[in-house]
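In what comes next, subunit A is part of two complexes: it sits with subunit B in the first one and with subunit C in the second one.
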Partner chain A sequence: MAAATASRSGLRSALPLLAPAYLWLTVAIFLPLSAMVFFSFMTELPLSGKPWTFTLGNYATFFSQSLYLTLLLASLRLGLEVTLWCVVIGYPAAYVLAKVLKGRSREAIFLLVILPFWSNGLVRIFSWAMVLREGGILDTALNAVLPFKINIDLMYSYPAVIIGLVHSYVPYMVLTCYLTLQAIDDSLIEAGRSLGASRLQVLKRVIIPLSMPGLVAGAALIFVPVVGSFMEPRILGGRTGTFYGTVIEDQFVAVFNWPLGAALSFILLAVVLVILAVASPVLRRAA
Partner chain B sequence: MAGVQVSDVSRSFGAHKALDNVSIDFADGGFYALLGPSGSGKTTLLRQIAGFDFPDSGRITIGGESVERVPVEKRRIGMVFQNYALFPNMSVADNVAFGLSVRGEAKAVIATEVQRALDLVQLGKLGGRRPHQLSGGQRQRVALARAIVTKPRVLLLDEPLGALDKALRVDMQIELKRIQREIGITTIFVTHDQEEALTMSDRIGILRDGRLVQEGPPEEIYDRPKSEFAATFLGDANIFRGDSTGDGIRLADGTAIAAGVGAKLAAGAKASCAVRPERIRIARDAGTPDGNANMLKGQVSKRIFAGSNSTYFVERAGQTLKVIVQNTGMERLAEGQDVVLRWSPESTVLIAAN
Partner chain C sequence: MATTRVLEWLGRFYIGLLLAFLYLPIIIMALMSFNVSPFYQLPFEWTTEWYASLWQNDQLIAATWNSVEIAVITTVICVVLGSAASLALYRYEFRGKKFLQALLFPPIAIPWLITGTAMLIFFFGVGIGRGLHAILLGHVALALPYVIVVVSARLQTFAPELEEAARSLGANQWQVTRRVTLPWIMPGVIAGGLFAFAVSFDQFVVSYFLATPGQTTLPVEIYAAIRKGFTPEINAVSTIIIVVSMALMLLTARFFKFGGEK
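This part shows the complex of A and B:
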């Protein structure tokens, strides 16, 4: 609360510092986005030279065909699952980084965690394709150690999409959780222990509540793009990889129906915003 | 409630010996101050007792029971941290309730115990606040209430008043002492404020470089320090160095200083004498000689007025001596004045050279 007051009084002096960022945001995001809003109400793309009029038809399409809703729900489920896996994998990793490791080993592990950040997205995904496909690296490796022959063909399946997405997005969770966990004073943990709480009780009652902002931030950073993701579903999911995001992508790159693609995007944006608006007070109370 | 015995405890961090064969007996119900300069191992010792860290060798018992394999949460200790370590995500009342609640006490029991603890530290009305809405002194009291509400066997405090300003610190000292008496809990109090150690504790242990230098009641350490370090660390002292004469020392210039208390040393050994500044009388001239009192001549080089008393710095044979005189309205001695210092052998402690 003190921080909020301080930032308000410092707003005037911070304005010159904020201006470039806002200018950039306006030019780079707000203008194209406004153009997209405009497109989403058109019958034809004006650039195509065909005559066009305003219409609500693009939005109506979403509601007239149950396919879109089904895909949206599938994408939301995908977002939820990926986010959960990121919590399950990322939070313990962040905890170990922040509270167990010190010095050199911390730096080394940190590097490993953010490495996927620095590698090209396509390279990352095709690497997974090599690992997961039948007769691929995972398959060969398992058959090399296991006495019996198994045939793991994860490629072009829902789990493959999950694996690829979790790998891409787990660094967000690790980073946001690491930052909040690192800010928790070790003496709080010791105070909890001295009061008779086991490690697990301290984790549940002190550490997790205090790192909730990091969890929430990480979840939001992951959930939103995953719901709209198309690259991982397309490459790793194959025929099973049709999601809301891939349909939007199709409108832009394959069918060239930009108005419908734009309309579908804004429906997704609205749904995601509603979800975040509903979830944030709940999460804030939990924190 | 229980006493704590620390026997021959050593703890090293790499090549550095943070604790070197420390043995202390903390009596049941006593108030014990651990005093020492920064890095002397006070916190390390406290952490061994609490169970946050484990000794390389030696034994610790609480209430007669060895705690070697007992984890922190089973030791039934209360700990107050220098930075308070209140849980920022909980209200004051929930902070205090934490220890009872993890133990699974009934809600009603918790509520009454928490209220009682908050009343004890005079914060009965602030249970609903968050830690960040409290002043430093109030946070300190919450930390104390939280530590004692579980009825621990031992209360461990690591420089709990270090972050408070002088006036508040004195208030809290009195309060802490009152609460400690009221519940009669064995208390181990780490501080590097010597005045705090002197006024609050029944016994003091002085640590230096991981070793226990001296241990005993405050008066004993103050009146009969066993080392130059103890003499100068707890209170102020004038130190004279020379050769032992058996019942005093002879300085390099041949002056004899008689010592009535302290170590029994063979004649000829290197030795020191310590004299507290307030035990020395200062005068313009020798006046009538008075029995066997020690006497030195010197010259006032500086006088510092401090209200109720004044400190004179007296130069003598290349040494600066400190003399504290109550301001009783008698004449003041000017800087540059030749003076005679006198003090009794009973105020002079003979110390083996270290």
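This part shows the complex of A and C:
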């Protein structure tokens, strides 16, 4: 009875506090996303002065020209590869942080690992350009050490894009895996060992299954933005850096075909939502 | 147990390698901003020339001020609106509350490319247009969910009996909020504010789609400069913003810990 009264009067008291924040989110996020869906079915922007009609043509363009599907697949592959590298590099580091290091050194190193992703992402990508180009730091350093002459010019290549993106996103994987690994009770690991399991068996049967939510959360946090990335491929990939994201960027800043850009964005959004929906049961089990 | 020793030592070595990978390009960029050669050639020769010419670059300076101003205004708006919303979500029970909380995740989870282009289309369509005001509108929306999540997390540690005690001692709702609740959530509010500042100050994608040639922010200006060609001034300004961003993150970390201790 008391609870029912509280919940009826609750909204009235809560509304003045909630309304400004949610109005802002509506105007700047939810209405724009809805507008994007709407515009993607138009032939022209309604404000451009030209006559417009509804059309499925923008979506037909996506499905009829193999270029777009190819690029979407290339972006998905890029997302997958970057995510895998982040697992391979980040998971062992998270394990060492959670189970090997102790006390102050753990805190300090944890902070050092997550510190870079608070610096500007664009600037960090740009800094790789100096390392990777011919006559750059990597090239010069290797030639100074090695007795024979080699040419390292990774700039404007697919590996350069992978390196830059892994560098940008690996802290997410370390962070999410660290949080789940730290929650695993050490006595579980000891119990497994004392019952005769090898280190590898304990890793496979105890540690990895228990830290799965962290792995999935990290993978989702990395995969989704990488599939939509355009700045990193542009700067480090040069001509080889054409991906789905760069094509969307082009529709808005170079070709000015906004309705097609909206359709391409919406397709990407749909793909992203499906992926998040697939990942969410695992995440919810963790919570 | 010798194996354990060796494995632990290997683990430490591995963490060292990871840190080298993470910091190498950043350190090299900072060094190159003090190098004479504008094409980043070695050997290294010390100069502060690029920092000096940065001062002369009015376009970059103007963009930097725009970035700072937008980040500060974003922080203030987000802290006020976000704290109010968090309090409401904490204090009151009503239908649809779960839904409102779930609505905070799309702005965080959807790639900025999609959010940014959607804002461009909508703002253009309804006559808000592009420019600094549009960038501010977008930044607040991007940072607001983070502030609400951080302040709400702090509120979870709050004991509602404190509010009841104050009320039973004769304090009205406003006094309770100002004298009891706000001081308690302050570390969360400050951490949320730092989050908001960082989200806005480092934001590139959304600003990129909403900027116009005269009204732009630092990251957008840097992107344009990188695509035109290498300019050492960009190294200098990048080094400055990396130092500022990392200092902010260290502050955030301090406040988070502060929040956890109490």
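Keep in mind that, in the parts below, the second predicted complex is superposed on the first by the 242 of 287 C-alpha atoms of A that agree within 3 Å, B and C clash if a C-alpha of one lies under 4 Å from a C-alpha of the other, contacts with A are read in each partner's own complex, and residues count from 1 in each chain.
Following the convention adopted for this analysis, contacts are C-beta pairs under 8 Å (C-beta built on N, C-alpha and C of every residue); 3 or more make two chains touch, one makes a residue touch a chain.
Here the structure is a predicted model, which is why all the values come from computation and not from measurement.
Undergrad: Touching A:F126, do we find subunit B (first), subunit C (second), both, or neither?
TA: Once the two structures are laid over each other on A, A:F126 reaches subunit C alone.
Undergrad: Regarding the shared-chain residue A:P281, is it in contact with subunit B (first), subunit C (second), both, or neither?
TA: In the superposition, A:P281 touches no partner, neither subunit B nor subunit C.
Undergrad: If we overlay the two complexes on their shared chain A, which of subunit B and subunit C does A:P209 touch? Say first, second, both or neither.
TA: In the superposition, A:P209 touches subunit B alone.
Undergrad: Please indicate which partner A:P51 is in contact with in the superposed arrangement: first for subunit B, second for subunit C, both, or neither.
TA: Once the two structures are laid over each other on A, A:P51 reaches no partner at all.
Undergrad: Touch check for A:L188: first (subunit B), second (subunit C), both, or neither?
TA: Only subunit B is touched by A:L188; subunit C is not.
Undergrad: Subunit A residues in contact: does subunit B have more, or subunit C?
TA: C
Undergrad: Could you look at A:G196 and tell me whether it touches subunit B, subunit C, both or neither (first, second, both, neither)?
TA: In the superposed model, A:G196 contacts subunit B only, not subunit C.
Undergrad: Would you mind writing out the residues of subunit A in touch with subunit B in their complex?
TA: Residue list for subunit A touching subunit B: 1-2, 185, 187-188, 190-198, 201, 205-206, 209-210, 287.
Undergrad: Considering only the defined contacts, which subunit B positions touch subunit A in the complex?
TA: It comes out as residues 50, 52, 71-74, 76-79, 81, 83, 85-89, 98-99, 102-103, 132, 146-147, 150, 156.
Undergrad: Quick check: in the complex, which residue numbers of subunit A touch subunit C?
TA: 3, 6-7, 10-11, 13-15, 17-18, 20-22, 24-25, 27-33, 35-36, 39, 45-47, 89, 92-93, 95-97, 100-101, 109, 111-116, 118-124, 126-131, 135-137, 140, 167, 170-171, 174, 224-225, 227-231, 234-235, 245, 248-249, 252-253, 258, 261-262, 265, 268-269, 272, 276
Undergrad: Spell out the residues on subunit C that touch subunit A in their complex, using ranges where they run on.
TA: 8, 11-12, 14-15, 18-19, 21-26, 28-29, 32, 39-42, 81-82, 84-85, 87-89, 91-96, 100, 103, 106-107, 109-115, 117-125, 127, 137-138, 140-141, 144-145, 148, 198, 202, 204-205, 208-209, 219, 222-223, 226-227, 230, 234-235, 238, 241-242, 245-246, 248-250, 252-253
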